[in-house]
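Two complexes follow with chain A in common, the first pairing it with chain B and the second with chain C.
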Partner chain A sequence: MNTQWSQSYQKRKKIIDVIFRSLFKLAGIVAASMIIFIFIFIFQKGISVFLPSYGPDQVNFWEFMTGFLWRSDQKIYGVLFIVINTIVTAFLAMLIAFPISVLTALFIVKIAPKPLDKIFITVIELLAAIPSVVYGVFASGIIVGWVDNVAQLFGYSTFGGRSMLAVVILLAIMVIPTMTSLSIVAIKAVKPELELGSLALGASKTQTNFKVVLTSAKSGIFAGLILGLARAFGEATAVSMVAGNKPMGPTWNPFDITRTLTSTMLSGLKETTGVDYDIRFSVGIVLMITILISNLVIHRIKKKVGAEGQ
Partner chain B sequence: MKRLLSGLVALLVLVGCSAGGGETKPTDNEIKVYTRDGSSGTREAFESIIKLEALTSNSAETSSNGDMANQVSASPAGIGYVSLTTDFAANKLTPVSYEGVVPSVATVNDGTYKLARPFSYVTRAAGDFGSEDKEALVVAFLDYLVNSTEGRQIVLAAGGIVDVEQGKPWAELKVNHPIVEQDNSAIVLKTGGSTSVEKTLTAAIESFIPMAGNFKYEPNHTGSGDGFKRVLGGEKDGANAIDIGFASRSFKSEETVDAGLQSGVYAKDAVVVVVPESNTSVTSLTAAQLVEIFSGKAKTWGDVK
Partner chain C sequence: MTKARRIKDGIANAFTYLASSMTLIILVAIFAFVVIRGKGSLSLEMLTNNYWSKNYLVEWAGGDSGSFTRPEHLDETVVFSSKYGIGFSDEISHEKKRLIRVSYIAEDSIFNASTNATKGEGYGEVFTINVGDQIEKIEAVNETGTIVSMGTIFSDQAESLVMKMDTTSHLSSLYFKTPGGGIWGSLIATIQLIFISLLFALPLGIFAAIYLTEIARPNKFNQFIERCIEMLAGVPSIVFGLMGIVVLYPITAFFNVNGLSILLGGLTMAVVLLPVIIRSVQESLLVVPRDYRSASLSLGASQTQTIFKVILPSALPGILSAILLAVSRIIGESAALIYTMGTFINDAPRITQGGTTLAVHIWTVMSHEQPNFELASAISIIILILVLILNVSVKLFSKRLDRKLGI
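== the complex of A and B ==
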């Protein structure tokens, strides 16, 4: 009797286990297939404009990849300078935002007195919750004015402040909350024993914070960097509002207008048809590949950083 | 970490140098040319009317009429073009005369202001509407849109340029169209073509529906090129077939609109070149001067002759 009950209990347990395991598997497959479907669709549409079957509007793949001119009105599509512009703006934004974010996180977790760190975390969370279009309105109303004034000091005249510098400042502000919150989580997760050990060996509090805490938290901090960079690359609405969309490039002067991959995809999207519409999918592929490559580069840097002592 | 930091500093210096040294310093009053993105009908109209062959690559793109107004007004040496419906004073813009003619509803109507484009329409061929009732309804609507005072008033209020004075009261025209007296709720009227006409057209149709037996209305506007194609051209029997096609330009010679039951122009839209209010040096520009500016030949306002 007793063994029989036990057997049926075991059996039931196994069935439930199988059901839930397959449920989770299904959820996993659905989530993973999304990215595959999106990629296949974008790839199909994006690649079609380069194939002979596209007809008279067919775009030369080589000219597309190496071009320095984007004139949709003349059916000239060159994407290389746009890729360069995108990378330059995103990395300059990172250059401003990364140190600020990491130091803010360090301050909040290790240095700030208790009531202050709660306030800081709330502020950072609020910043992350602001929609990008609001940042865009702020940038096209306020930041461009600052940039215009700075440019006048240098003797440049700008397109009403719309410029690469405005994009960089905007992106830096936009990625700070993402990077800071991930860095906070990473720094909080550092084991206190490591710190105590460092302090016991005679290192000062600041030395410990920089040499022990930051290097131990590096994988979380770099996860923040990757997410922040992805946001900087992928931000479309706000960037389009201040980029100015210059048809040729690349742009090196920070006070000159620029054109990024996302602003190219967005400009005139609602009204356009034909090859001009389809080529946006090709730009989408280029954007995804650019993000992929930059993520791989960051992974390599991550391995190098803090590895000196090992 | 140290090596990474020094690498970043080196990168910053490099970027700084290339930014400072690579470009020649533009002079202060360099003209800033603003344009619309490549798919804009306003841009197409503007460039084709002034006969601009190649726009300068040193130009900024704006995303819409309002965006253009904002950006030009914020740029002291800027120049751009907007629709005549724009509130110039509120945007701190000065409308510039074209070939000496001040842009206004009156000058567009009498044909002296040349920087204007027509809103054209064409219907399916006679007998090709699927039902006689529908054909009669289309004729009635076009009569209302083109000839009646009421229709013209609505088009004008929605931003189209027409001479309301020339219209006749609908009550007078109505007698020619007995179709509007019966219940037409089974008829679906489809329009398509230019997106620019949509605002004026929808306003007119919506005012017409209760006066003409509550027929149904399906707009599907995708661009001027589709206007002819979907009533008389290659797509006339396809899934996107429409009853009246519109173009925010004149129909081209290869678009044989004579085959349609009716075709014509119901309103005009004017493009106005604007500069910010602070720029008092220009009040009138000719097509040749505009080409000089927009092709990048004239670099500063002093170069514009």
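== the complex of A and C ==
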């Protein structure tokens, strides 16, 4: 009797085990398949506007990819200049943010006196926690004002400060916490033997910090750069508050309004059907491809720079 | 060290000081801006009011005057009509418009006994004006029988309004607006969204994390799953919005929810949160000592029992911090929700309808022709406070976890 009960209990336990194990596995598969869904469905929807089956509003794929004019009211969609604008603004933002982030990280880990490093880690964490829409409010309240003043110094008149420069400054501010925290991790991971070796050879503390520590932490710092760049490309709400959505381009004058991929996707979201809506999915694909390619390029650079160091 | 070296080092160090003080300045500037611009609009009323002000018309059958005495506790600035027992004050709205607000109504004033003359629901029933409502237009009849009109429409101020009122013998109709510009609806929608997102994301995320750390053997397939989840973390949030529309919209449509809705937003946010939750739960599972598992299994417990009775309870602080991180992410998210929940500010949000969260509310008022900085900054203060509290508690949780495990 007792053994029988025990046997059936063991059996039940095994069955439950199998059920739960497959449940856990199913959860893992569902979570992973989301990214595949994203690629397949967005691609499908984004490509549909170029196909003849789309009907009278069909967009010419070639004109879309090489166009320098975006007039949704005239059903003219050209995305090339927007890609150029996006890359230029993100690149300039990186140019400002990268040195600040790396130096801040170095300061926090190696240079700051004892209580200061804790304070600055908190500062970076707080900056990372601020939602992008709040950055947007700040940018359209303060940064556009600065840009407007600077433009007046140079004798330009801006559209209320909405400009490429404002977008660049905003993006630079927004990627600093991402890049700084990754650089901190990278710098902390540098082996102390390397530093001691450098110091033993007679290099000063600062020389060691800049030449040895930063060089050894290069790989982690580049990882931060990739993440920061992805954030700069993908940032939507804050950028669209200060970009101004110029219908043609590319924009080279920093005081002129600009248009990025994300601000294009968010502009005029009143319609929920039609080619003007569906084309956003095509822009979404272009955005993802832009991020992908830029990541690959940085990976290449990283490999090259990494090889030099060895 | 040579002098030149020392100078060079000093300059290099100075640059790091400069860079880090820049980050500090940015942080202080953002907080200062938001607080300075927003603190004027921030109030309990703003939290509990509706965003859209409603227009009402009420009538009186016999709006006779009486005589009232001004209550002593009434503020100096309030202008009191002793004939009708009501107090008004002048105010400037955040849209910089002058308006007259009701700030006191006597108990047996005729303003507490009017009938609704607004077309639609509740027509003809008793309907009264409340403290805080804005007077647009009052029509009254004076001794000689001529009609007198007054109110904000006739560019009256509280003082002149009361003077005109006191010359009349009875009131006939009143057109007023309820106070608007509040965020109550968005607050409720945010809470609903948090609830729905966690409802879907938590079980899925925790189960997936358990699979990846406890069950999965390191083979090609499981590495692929992990890579996929990693990639999901790198997708920009606006693309998640697109995903919500094409992938999840059919699912909500299956449940008869058409159009943009909080449900769709919640499902989308669940996907956004998956990598966040999976990663932090995985981390908390990894620090649970191996011995716990071996001890439980050697006592004859099955793997399922071990997971639910031994491992998950020890990983609880990690799971809690995953929830807090998720909530703070939901509160701050905007781009994905603009696509899936819409940008229409809904005062009575339902899960099957669209609405805005606090963050999208900011986006909506900022993308009007005249950006409403005051309201946007006031909401930003609320969001910042919430997000900071959540982040601080995550830190406390992880500290406690570390201490418990003796690290």
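Heads up, the rule we're going with is that the second predicted complex is superposed on the first by the 274 of 310 C-alpha atoms of A that agree within 3 Å, B and C clash if a C-alpha of one lies under 4 Å from a C-alpha of the other, contacts with A are read in each partner's own complex, and residues count from 1 in each chain.
In this text, a residue touches a chain if its C-beta (ideal position, glycine included) is under 8 Å from a C-beta of that chain, and two chains touch if they have at least 3 such contacts.
Please read all numbers here as calculations on a predicted model, not as lab measurements.
A.B. asks: After the overlay on chain A, what do you see for chain B versus chain C, clash or fit?
C.D. replies: Aligned on chain A, chain B and chain C clash with each other.
A.B. asks: With both structures superposed, pick whichever of chain B and chain C touches the larger number of chain A residues.
C.D. replies: Between chain B and chain C, the winner on chain A residue contacts is C.
A.B. asks: Of the two partner chains, chain B (first) and chain C (second), which one does A:197 touch, if any: first, second, both, or neither?
C.D. replies: After superposition on chain A, A:197 lies in contact with neither partner.
A.B. asks: Which holds for A:112: it touches chain B only (first), chain C only (second), both, or neither?
C.D. replies: A:112 sits against chain C, while chain B stays out of touch.
A.B. asks: After lining up the shared chain so the two structures overlap, which partner does A:55 touch, if you call chain B first and chain C second: first, second, both or neither?
C.D. replies: neither
A.B. asks: Quick one: is A:215 in contact with chain B, with chain C, with both, or with neither? Answer first, second, both or neither.
C.D. replies: A:215 sits against chain B, while chain C stays out of touch.
A.B. asks: Does the superposition put A:31 against chain B (first), chain C (second), both, or neither?
C.D. replies: A:31 sits against chain C, while chain B stays out of touch.
A.B. asks: Contacts for A:13 in the overlay, against chain B (first) and chain C (second): which applies, first, second, both or neither?
C.D. replies: A:13: touches chain C, not chain B.
A.B. asks: Pick out the stretch of chain C that clashes with chain B after the overlay, from 292-300, 346-354 or 364-372.
C.D. replies: 364-372
A.B. asks: So which bits of chain A does chain B touch that chain C touches too?
C.D. replies: Of chain A, residues 266, 272 contact chain B in one complex and chain C in the other.
A.B. asks: Can you list the chain A residues touching chain C in their complex?
C.D. replies: Checking each residue of chain A against chain C gives 13-14, 16-17, 20-21, 23-38, 41-42, 44-45, 99-101, 103-104, 106-108, 111-112, 120, 123-127, 129-138, 140-142, 173, 176, 180, 204-207, 209-210, 227, 230-231, 233-237, 241, 262, 265-266, 269, 272, 280-281, 284, 287-288, 291.
A.B. asks: Using the touch definition from the top, list the residues of chain C that touch chain A in their complex.
C.D. replies: Per the touch definition, chain C meets chain A at residues 1, 5-6, 8-9, 12-13, 15-20, 22-24, 26-27, 29-30, 33-34, 37, 203-205, 207-208, 210-212, 214-216, 222, 224-226, 228-229, 231-232, 234-240, 242-243, 246-247, 260, 271, 274, 278, 302-305, 307, 328, 331-335, 338-339, 343, 359-360, 362-363, 366-367, 371, 373, 376-377, 380, 383-384, 387-388, 391.
A.B. asks: What does chain B use to touch chain A in their complex?
C.D. replies: Counting only chain B, the residues touching chain A are 1, 3-4, 8, 11-12, 15, 18-19, 22-23, 25-30, 32, 34, 36-41, 43, 47, 54-55, 57-61, 63, 71, 74-78, 195, 222-223, 225.
A.B. asks: Within their complex, state which residues of chain A touch chain B.
C.D. replies: Answer in residue numbers: 69, 71-74, 88, 91-92, 95, 144, 155-162, 214-215, 240, 244-248, 252-254, 256-257, 266-268, 271-273, 276, 301, 304-306.
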